[in-house]
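Consider the two complexes below, in which subunit A is the common component and subunit B and subunit C are the respective partners.
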Partner chain A sequence: MSLFARFLKLAQKHSALPMIMIPVVLVGIGVNMFGSSLLLNVYTYFCVSLIMVLGLQMFMGNSGILNWVHIGFVGVGAYASGILSTAPLVKSMGVPNMFPALVELNMPVIPAIMVGGLVAALLAAIIGYPLMRLSDFVGVITLFATLIVFHVIMTQWDNVTNGPRTFFGVPEFTTLTVALIGALIALAVAYWFRESGLGLRLRASRDDRYAAMSIGIDVVRVRYYGFITSALVAGLAGGVWAHFITSFSPKAFYISEMFILLSMVVIGGSGSISGAFMGTVFVTVGRELLRQVEGTINNAHLLSFEVYGLTEAVMAIFMIVILIWRPGGVVGGQELRWPLFKRNKPIVTKEVEDGV
Partner chain B sequence: MTMPMLTVENLMASYGVVRALHGVSLEVNEGELVALLGVNGAGKSTTLKSITGILRPVKGSITFLGTEITNRKPEWIVKQGLSLVPEGREIFGSLTVEENLRLGAFVSYQRDRYKADLKEIFELFPILEERFSQPGGLLSGGEQQMLAIARAMMAHPKLLMLDEPSLGLSPAMTDSIFVLIKRLREMGSTILLVEQNAERALEIVDRAYLLANGEVDFAGSAEDLKRKVDIASVYFGGDDAAPCEVPL
Partner chain C sequence: MIDLEFLINTLSLGSLYALLALGLVLVYGILKLVNFAYGEYIMIAGYGLYFSATVLHLPWWATMLFGVAAAVLTSYLTELAAFRPVRNKSANALIVTSFAVSIFLQNAVLILVSPRARAVQLPPIFSQTVNIAGATTPVRNLLIIGTTITVLILLSLLMKKTVLGMAMRAAADKFTTTRLMGVPANLVISAAFIISGLLAGIASIFWIGRSASVDPVTGAAPLLIAFIATVMGGMHSPTGAVVGGFVYGLLFNVLSITLPASMISYRDAFMFVIVVLFLLFRPEGIIKGGYTEERVG
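And then the complex of A and B:
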């Protein structure tokens, strides 16, 4: 095989990444130049969601464990980054009960986001140690219980999070460009993670836990490392999100938001980066369209009552239909690949064509 | 005589309250091809699971190359050079053939050796080269079995354990699997083979153990077993069938 042919083969094998990245960048440039402020917001939000979804895919997609607590790590990253970067004066007004030591903290946004990611990863290292031993529905329900614990702490610990009230005044930092760069990095990292030795071991343990053990894979350990890496990305995404939205409350890190992230991963196909990406596209577009429809119906007073929750209901039904139709998601477990054009045509005999 | 490679002494194992093994003892010497025979539920797979550490034995000891491996983690045991090809072709269906093989090599991964190993594997299993970038789940049953064996070979095991490699395969595919096992043995591998297909297994093995109800019923060379034990009666005769027609 010539060097060029070998390069082509390698490029084709990894063609999923440029096939996703190039459109993301092109659309981003287009939106930045010509888009309305609404479109700009939607696309920025899409890029931030993509970081969260890819973080979720890294653990859930590769290990097969439904990770409910993911949005909790997003919240930890958002609060950590918000507390670290918000001006002391704003914090002392906005969060009256905050620990004095926390009020005085003040650092630039980028290091704050980084620390937020590390705090989430550290937390994952502590809670993942016992939890990663559990599999199947036991694993899912314990992660779900952990999300409830996260939520209770966020709503009750008013010395840190301002309790159920809104935490506001977080400096704005995340523009479309920042979110886009973040999304590109997340795409590369998630793709690399999936192909890496750790990702491969995780995927093997998802396919067959006992076979994985029998060829020398420490299933608990690879899950543990995957969980921490995923939480790191979640925490970073939370920081990026916090500096986009600038004010938030614990509600943003609970079941309904987690359901949106899950539907993004599941509709597209949790087994691949391409799937996570396509799911994020479908859900974001669908959500915005439904929101417009809902708004139009309500504004035009077409019905005698106001329509609420159409978005959530339709998204949930959409998810059910997709999963019946394609249980592996729209894309499935394999990455997208640039089609090869030299593909041999299958030999079809006359009889088969005639249906004999 | 040199020390056996694998020694299992008085192994007892149970699934919850159900005792599956009542003191199994066996030995495998270096370079040997040894079979573990018996009907369904005799305890063959349980013995292998206990050896590889997937199942914790209740009692007994397992020694491999002079090291006690009882109650060790499966991952650790594999690193000692003991590989199991599990029953029912447990390959990773959503991973490609290439990824399956790479996983097998992770135990002792060296980039230059990996390339050479792949070449060797492709000589033994040409079909895997054709299917290299396809998901393992799309392979036929026999191809999956070959992939499972190849994956275990990638780890360069000192002892290879095969759990019912012919299960559910067509007669032709069974033939080629047995030819392959024989060839592996000729290449110097030490193999512990678990089989229900006793007559086929006895054609290629050096020694065999016959398990019944969680105990070793008979142990000896393949010829002895063929001569002294009426295999058909063991499989079809039910409980009261004497395992030995001729007094031992």
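And then the complex of A and C:
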């Protein structure tokens, strides 16, 4: 086989990545040049969400464990990076009870985001140690309880997080370009992770835990490493998000936000990077449209009361419909491949198809 | 020295938690579904109480029936509309569905009623206190203990003596075999959801009775309690759920007393950490179940 043919084959095998990246960049350039400020905001938000969703997909999609804590790690990254990069004067005014040692801290934004990611990963390394041993339903419930623990700590520890009040004054750093670059890196990392030896072993443990054990895969260990990697991405995403939104409170890292991330992963299909990407696109577009509808209804005073929660209710129905109709998500467990509509027989086992 | 007040408090809290956990574990046993929408049945029952008392002006006993009926109906309808179609898909699909159902119900109430809390009128007996051998305690604490004992007796009679109960226990053990014996799957699963809704409704009366108000996120706290209690007690049997409920109530009260005032707001966090550490040593919970097969649709 000639070198060129070999390159073509390789390019075709990994065609999912350019097929996602090129449109993301092109739309990004278009939005940057011609978009309104609203569109610019939405697209930046989309890119940041994409980083979070890819982080979630890395662990949840490959291991099949519903990772409720993910948004908690996003919060840890956001707070860590916010505390590290905000000017001491702003912090001493905004967070009156903060530990003096924390108030003094001040570093540039990029290292602050990095440290935020590392803090999240470190935390994952500690709590993942007991949690990754628990499978199935006990695992789901304990991860859910861990999210609550995160939330309790974030709302109560006012020496660090300003308690339930808003933490503000985080320097603005995340422009569309920054978010776009972040999203591209996250895409590459998540794709690489899925195809790596660790990702493959993790997927094997998802499809059949006992078969995986029998061929020598240490299920607890691969889950543990996957969990830490995913938390690292979540922490970094949190940092990027914090420097975009600049003020936030613990509410932003709780169940309703987790629902959005989860709906992105589930609607697209958690088994693949393409699925996570498509889900993020659908949900972002859907939410913006619904929000417009909600705003129009409220502004026009058609009804005697304000409509709240329409967006979430419709998204929930949409999610249930997808789960009934295509439990593996719109894309399913396989990556997209060039050419799009010429499929050579996909390997569809029950687990891969269902791997929510 | 354990005083009587502490004992009654713990027993009543444990009873409430046991009821909550029991409703969750009945569905889990058969369908292997961790039902995130369970808290919403409690919330809907609360709104049923509010609606029947404030809008329909029903007498107190009728409002309670109305509230419980609302929970049962919601439970059954969610089973029909959402859980039945995804039943034979993966376990995660089921859990995510229940989560979506929960979000949907919360926001439906948000749209249809109000995001603000509504006051629920309950009979005066709920706010009275009584003195037993020197210990002052609200009457509702005694009511919940009595109700729970009655419910537990009735439920165990149902499970042990009736054909439906036996079919449900068999289904929880080996669903496929039970179906091969001619037990209709839909019937058993619907029955589990109906009983689950019933328990949620009864527990809701007492849960709402403590604060006398209901809002769209009322269901979150009891859901979490039911989760932790079942995980701690053991997910494989109703006994485990009841034991878990009481142990959890005890743990809650002990922590409330022993934690210093500055740490009391971290109580939930402490509790979950204790539970997670406990599960590390005994992942199957306090009560070990017998053999359970993998989930089937």
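Heads up, the rule we're going with is that the second predicted complex is superposed on the first by the 339 of 356 C-alpha atoms of A that agree within 3 Å, B and C clash if a C-alpha of one lies under 4 Å from a C-alpha of the other, contacts with A are read in each partner's own complex, and residues count from 1 in each chain.
By definition in this document, a contact is a pair of C-beta atoms (placed from the backbone, for glycine too) under 8 Å apart; a residue touches a chain by one contact, two chains touch by 3 or more.
No experiment lies behind these values; they were computed from the predicted model shown.
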Using the superposition on chain A described above, determine whether A:I297 touches subunit B (first), subunit C (second), both, or neither. neither
If we overlay the two complexes on their shared chain A, which of subunit B and subunit C does A:G197 touch? Say first, second, both or neither. first
Would you check which partner chain A:I148 touches, where first means subunit B only, second means subunit C only, and both and neither mean what they say? second
What's your read, subunit B or subunit C touching more residues of subunit A? C
Quick one: is A:I185 in contact with subunit B, with subunit C, with both, or with neither? Answer first, second, both or neither. neither
So in the superposed three-chain picture, is A:G333 touching just subunit B, just subunit C, both, or none of them (first/second/both/neither)? first
Classify the contacts of A:A125 with the two partner chains as first (subunit B alone), second (subunit C alone), both, or neither. neither
Partner chain(s) touched by A:L105 [first = subunit B, second = subunit C, both, neither]: neither
For A:I215, using the defined touch cut-off, is the partner it touches subunit B, subunit C, both, or neither? Pick first, second, both or neither. first
So in the superposed three-chain picture, is A:V266 touching just subunit B, just subunit C, both, or none of them (first/second/both/neither)? second
Those residues of subunit A which subunit B touches in one complex and subunit C touches in the other: none
Subunit A contact footprint on subunit B (complex, rising order): 52, 54, 73-75, 78-79, 83-84, 86, 90-95, 99, 102-104, 106-107, 109, 133, 135, 151-152, 155
Under the definition above, what is the set of subunit C residues touching subunit A in their complex? 28, 32, 34, 82, 85-86, 89-93, 95-97, 99-101, 103-104, 106-108, 110-111, 114-115, 220, 224, 227-228, 230-231, 235, 265-266, 268-269, 272-273, 275-277, 279-280, 283, 285
What does subunit A use to touch subunit B in their complex? 13, 197, 200-201, 203-204, 206-208, 210-218, 271, 333-334
Which part of subunit A faces subunit C closely enough to touch in the complex? 64, 66, 130-131, 133-134, 136-138, 140-142, 144-146, 148-149, 152-153, 156, 255-256, 259, 262-263, 266, 305, 307-310, 312-313, 315-317, 319-320, 323-324, 327, 351, 354-356
